[in-house]
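The two complexes that follow have chain A in common; it is paired with chain B in the first and with chain C in the second.
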Partner chain A sequence: MAEILRGRARSRQGLFREWIRTRTPANSWPALVGLAVFVAMLGLQQLIEPGTQRLLTSVFLFVALAQAWNIIGGYTGYASFGQVAFFGLGAYTVAVLMNSYHVSFWAALPVAVVVGVVFAVAIGVPLLRLRGHYFAIATLGAAEGAREVINNLTSVTGGGGGITIPTFGTDAPTPYFGKPGFYLAFLVLAAVSVALATVLARSRFGYSMVAVHEDEDAAGAIGINTTVVKVVAFGVSAAIVACAGAFYAFQQIEFYPTDVFDASFTVLMVIMVVIGGSGSVGGPLVGAVGLQLLSQFLRVNLGSFNQLIFGAIIVLVVVFFPQGVVIYVRDAWRTRHFSVLDNVRRYRL
Partner chain B sequence: MSRFLQAAAYGVVQGGLLGLVAVGFSLVWGVMNVVNFSHGALAVAGAYVAWILNVRFGLDPFLAIPVVAVALFAFGYVVQRGLINLVINAPIFLTLLLTFGLNLVILNGLQLLFKADDRTIDTSYASQSFAIGAVNVPYGRLAACFLALGITVALALLMSRTRLGHAIGATGMDRGAARLMGIRARHIYAVTFGIAAALAGVAGTMIATVGSFNPTTTPGQLTLDAFVISVLGGLGNMYGALVGGLVLGIAESLGGLLLTGTWVNAIAMAVLIITLIIRPSGLIGKALYGGRVEV
Partner chain C sequence: MVAMAVFVSAACGGGGTTSGSGSNVTFAAPVSQTGAFGQAEGLYTLQGYKFCVQTLNSKGGISYGGQSHQVKLVIEDDQSVAATSAQIVDQFHDQGDKLILSPYGSAGTTAVAPVVERNAQVMVDSNGADTAIFSHGYKNTFAVLSPSSSYVTSIIDALSALSPAPKTVAIIAASDGFSQHAAEQGVTEAKAKGMTVVPSATAYTSSTKVTANATDVSSALIAIKGTNPDVIIISAHLNEAVAAVKQASELGVKPKDGFAATVAPPTPAFISALGKSSEGIFGSTQWVPEISASDPVFGSAHEFLTNFTNTYGWSSQQYPYQAADAAAGCEALALAIEKAGSVDPAAVRTALVGLKADTFYGHIEFDSTGMNTSKPMYVIQIQKSAFVTIYPSNLATKQAIWPAVS
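This part shows the complex of A and B:
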């Protein structure tokens, strides 16, 4: 993994010196802005009321999920519609370990990530040979299948009756974090996933992913091991999603297979990435924050019409900004060409 | 033994119906490379049209079929011409996303109009059945199954014998070449989507006659079934959709008899994935548009 990221072997010290030497304002602003936003979010936590805190916690969750989907769906170009499988597996691993074996959350978390990655590699090796819609459908099927297996392994998982994590009293392996704790946990998760995506996108491995996306046969021809690139990208994505699922499980305390294997998680990830702009770090970030705040706004203000309007907004954004809002703004800024109508013509028949 | 025969008979009539749901889905996917997430929603919309005609005017659902088909065809034509054609050249998940948004709009629109209650179209014959030996066959389901068969055959003939069918097939195989031959691709795509929507509406009407439907759970289930069947049958292959529907219908009803809980769903997904890995062109024959490179 490190080998792939770095390209060729170099001593760690030399690498660090070179990294310091090559810092310029142009290439260090993302890190500085990211750090500033992170600190601002920490400060914001002291000011806001519990309701807003819960909303922002869910925003952070979706930032992490959208970044994870973007690695396999955006950069590598394999639109997975089964990412929720890793979410559910992460959630159930933590819940089963904490409930039945009284393992502490911090010990169960790495196990959940490993379970997610192992499942990703197991289904990734055969399924990543499929392209386009076929891959999308196969992963959708894999997620549905995973849910049914969890649903029917009643002796281990509690089946359709759901599962509860002990969180209070002497029975609890790890004390409950509470709202402020989960705000912090999901903030860190979101920050780590954004940082990981940024590093990955600028690494040799990131360029391999883009090459596979652009033309898989040509990528293979210039010596990229496309199978390894695809499976590793799928695994990294699964690791983030499983980690998010683990935190989500602990936050929810009690949940059912239909909750954590809900296909709408996957669909939301895809929507956020595509509407923000896939294949960029900013896209999923903007998409996740924007859409989560928008859907909350609609839910509060429009009542029973909120889903209808939400769907209509998705349709309009897809038609007017097919390449994603962030990429539209970036290209428009570079070319000084702001016409939305020209943008609509882009993919028209 | 008779339980098995009964389950198999139920599976066959149910499978025919599922095949009709999937035919349009498969056609759109095969010809335009669009996975239509709103297919189940269109089926339920058709069911509501027939339901209104039945409740308001007492029209028999089988007689309501032409009205449903025309209404849904018009809707589908406009949707394709005005919306999906705008992003038809975009990466695959954009069309998925567009139809997903459309799905939300249709479903929530229906829910606001008709509430989320379970509905069914009542007829005098739907609950009656006749017996062959120990096996009971309900009239309604049998008629629906035969109708599905007839429509599938008619569609296959349309595709193979008429100018319109040839134009649809040609556009599906190579759009650029088809346009050079003077085929108006925008119109052909819109007609294709219209046909698919009409077939979905007819299938929804039949489902409403032999069972019940609601705007919250039925559409998702139908779309998922259509997915599985299209993959099993091969894209754009009419008879393939019918065979896929029968396979799924029989597998589900026999599985329901043999397996406990919801294991049968897991089996269906396993069959789907294995088919995709081993034989992506479907179970029977070779896929109509298998030669095209998917991007």
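This part shows the complex of A and C:
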């Protein structure tokens, strides 16, 4: 590990050449499958109704959010409960710029990402010195604080009265994407977040994140600047979430602070990663897709019991697959040992 | 069938005769069955929609094109999340459901309105009162209820009619758009009635503003404590109003004359949550059974109350007005279909634009923005765990207990 981490810096071109050289059928299939799924989803858009496009849009949104949480919470081991702050800031940055300054969405989008990253760095430098529950609670507080600031900056944000992005006629700085447009936008966002997580996981920086997660003191002792690793991971995570918030804001047109600073966004990100399997790329992907589709199915078919059943299923999955479904399947496939009870004993007893 | 024929004639000024049963008409609604509104406001809205559909069908359904059509209600739980309401309405569009009844609350209705517009659906809004919904030029959203601007002003008007009228009021307002706007209008009305708003006229935007759906409003109460207002008015929903009354007692914040609140007091859940502490509290409401109004479907306002409370097991002393809002929204949509002679959303929209109907809920007529501004609001006081109408005076069934706190 130390040798890897101390490895000499290589140019991007060199890294790419090495990546190409080391490709084999065995290690290329996830990327090929991912590419095939992406192309298939592009084709699928032509076959589905607009309402189903909107449902899938929310699935793609949560894929991106779960991947983002996994970078700081899964790989780095810092469970942030304040991710929704970046989401809300991204949403409000776009809304304020488009509403008050008539800035196009495409110009406002990078500003939203920068705002999210700057906020992450600003709170990350002091808060990432905390560990475990203390960090989780501190980030939760930061998100609540961010919401209240937005709520009270009435002259800029509209406060509790909400804000509207102009999407009609000549007032619209950018024509509304419509459901097909948002389907594509969120699909690309999800694909980029998965690709980014994949690249990070296999990079030197990714190993540094894992080292911080496994033993932060030991990571520091072998020369990793743990503060930089944590802050950068937090910033990358925030960038994805802020970008998602920006697209979400444009899609919603009109929203209130309570909508985009809703703590349930963060809770869902965490649950999706835990259910799927943290510290892996496939875990958040499967968790987000699975839980969003399950939630939709239960909501449509079970009426007022849907949340109860949804909660019960989450509890059961966490009890029987504490390491996450994807990691259970991966390990069980490798060992050809599929006993769920043995799995429970291994992780619980 | 006969009743429906009368209904058509009375409400729409004529119509064809019915000669048989036609296909079903579908009303689709995202309704909060779980989440923050699931146990109270969402439930009341759902019961109002169901009661309306059940009553319409029992009277022969909706008549147009020479046939009577039964109404089918399609609902989905929006989990009290505005974005989910919007997603559901998009899916209704996929299913061909173009006639939409609103979700509970301004946030959900705000999210749904642009979706309805883009999909060329048409929505009757029964429980989203924020005037902001109607400031964007949407053409396909129509609200039967009075707008948010009336909620606190009606309370101020009722208080000013009491003797002695309060001289100072404090206004606690939740951070959501509906509550803030209601408070803003209330401050203007209080000043017009010669009242002083404490700790300041803009406190509802700062020191006495509380987070929407919060269960801790102590900071606002502490800001009020030293100002000794005659009345504390809470511009918020159920959770905040219950918390304010409970925590005021715990913190020793006692207004000289009493409490008043929008939305929450005229709901059974408010009395359940507060018990005896709810006694004497004033509340603004969209509907009271004392109004002189009737229609061929539901009968008089009193008959609506009796039949609705019997159906769902509510006490006629504690009835959820949100259900009346919902039933009125549903009835307005039915009337528009009858008037249009079609379920085509464009034709129904045109019919809604010109609708002038006297119903159990009062007069329904939409202005150019889609609001029903002609309908007044009312004020009740909780007396012996019953809703007692005290304002306007011509509808009052009892004298207000005043001062409301001993």
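Everything that follows uses one rule, which is that the second predicted complex is superposed on the first by the 326 of 349 C-alpha atoms of A that agree within 3 Å, B and C clash if a C-alpha of one lies under 4 Å from a C-alpha of the other, contacts with A are read in each partner's own complex, and residues count from 1 in each chain.
In the analysis below, a residue touches a chain if its C-beta (ideal position, glycine included) is under 8 Å from a C-beta of that chain, and two chains touch if they have at least 3 such contacts.
Owing to the predicted nature of the structure, the values given are computational and were not obtained by experimental measurement.
Q: Assess the superposed three-chain arrangement around chain A: do chain B and chain C clash, or do they fit?
A: Here the two partners, once superposed via chain A, clash with each other.
Q: Check the residue A:Ser203 against both partner chains and state whether it touches chain B (first), chain C (second), both, or neither.
A: Neither partner.
Q: One more residue to check, A:Ala142. First (chain B), second (chain C), both or neither?
A: first
Q: With both complexes overlaid on chain A, does A:Asn151 touch chain B (first), chain C (second), both or neither?
A: Touch status of A:Asn151: both partners.
Q: Quick one: name whichever of chain B and chain C touches more residues of chain A.
A: On the superposition, B touches more of the residues of chain A.
Q: Looking at the overlay, does A:Gly303 come into contact with chain B only (first), chain C only (second), both, or neither?
A: second
Q: Taking the superposition as given, does A:Val274 touch the first partner, chain B, the second, chain C, both, or neither?
A: It touches chain B, and chain C stays clear.
Q: Output check: A:Gln45 vs chain B and chain C. Expected answer is one of first, second, both, neither. What do you get?
A: Neither partner.
Q: Is A:Asn225 touching anything from chain B or chain C once the two structures are fitted on A? First, second, both or neither.
A: Neither partner.
Q: For chain C, sort through 78-86, 132-140 or 222-230 and name the stretch that clashes with chain B after the overlay.
A: So the stretch of chain C that bumps into chain B is 222-230.
Q: Once the two structures are superposed, pull the chain A residues common to the chain B and chain C interfaces.
A: 148, 151-152, 154, 159-160, 304, 307
Q: Across the complex, what residues on chain A touch chain B?
A: It is residues 73, 77, 79, 126-127, 129-134, 136-138, 140-142, 144-145, 148-149, 151-152, 154, 159-160, 267, 270-271, 274-275, 278, 304-305, 307-308, 310-315, 318-319, 322, 344, 346-349 of chain A that touch chain B.
Q: Which positions of chain B touch chain A when the two form their complex?
A: 29, 33, 35, 83, 85-94, 96-98, 100-105, 107-109, 112, 185-186, 189, 224, 227-228, 231, 260-263, 265-266, 269-270, 272-273, 276-277, 280, 294-295
Q: Under the stated contact criterion, what part of chain C meets chain A in this complex?
A: Touch list, chain C to chain A: 33-35, 38, 76-77, 79, 81-84, 86-87, 90-95, 107, 110-111, 113-114, 118-119, 132, 136-137, 174-177, 179-181, 205-206, 209, 211-213.
Q: Which residues of chain A touch chain C in the complex?
A: So the residues of chain A in touch with chain C come to 49-52, 54-55, 58, 148, 151-152, 154, 159-162, 164, 167-168, 176, 178-179, 252-259, 262, 264, 299-300, 303-304, 306-307.
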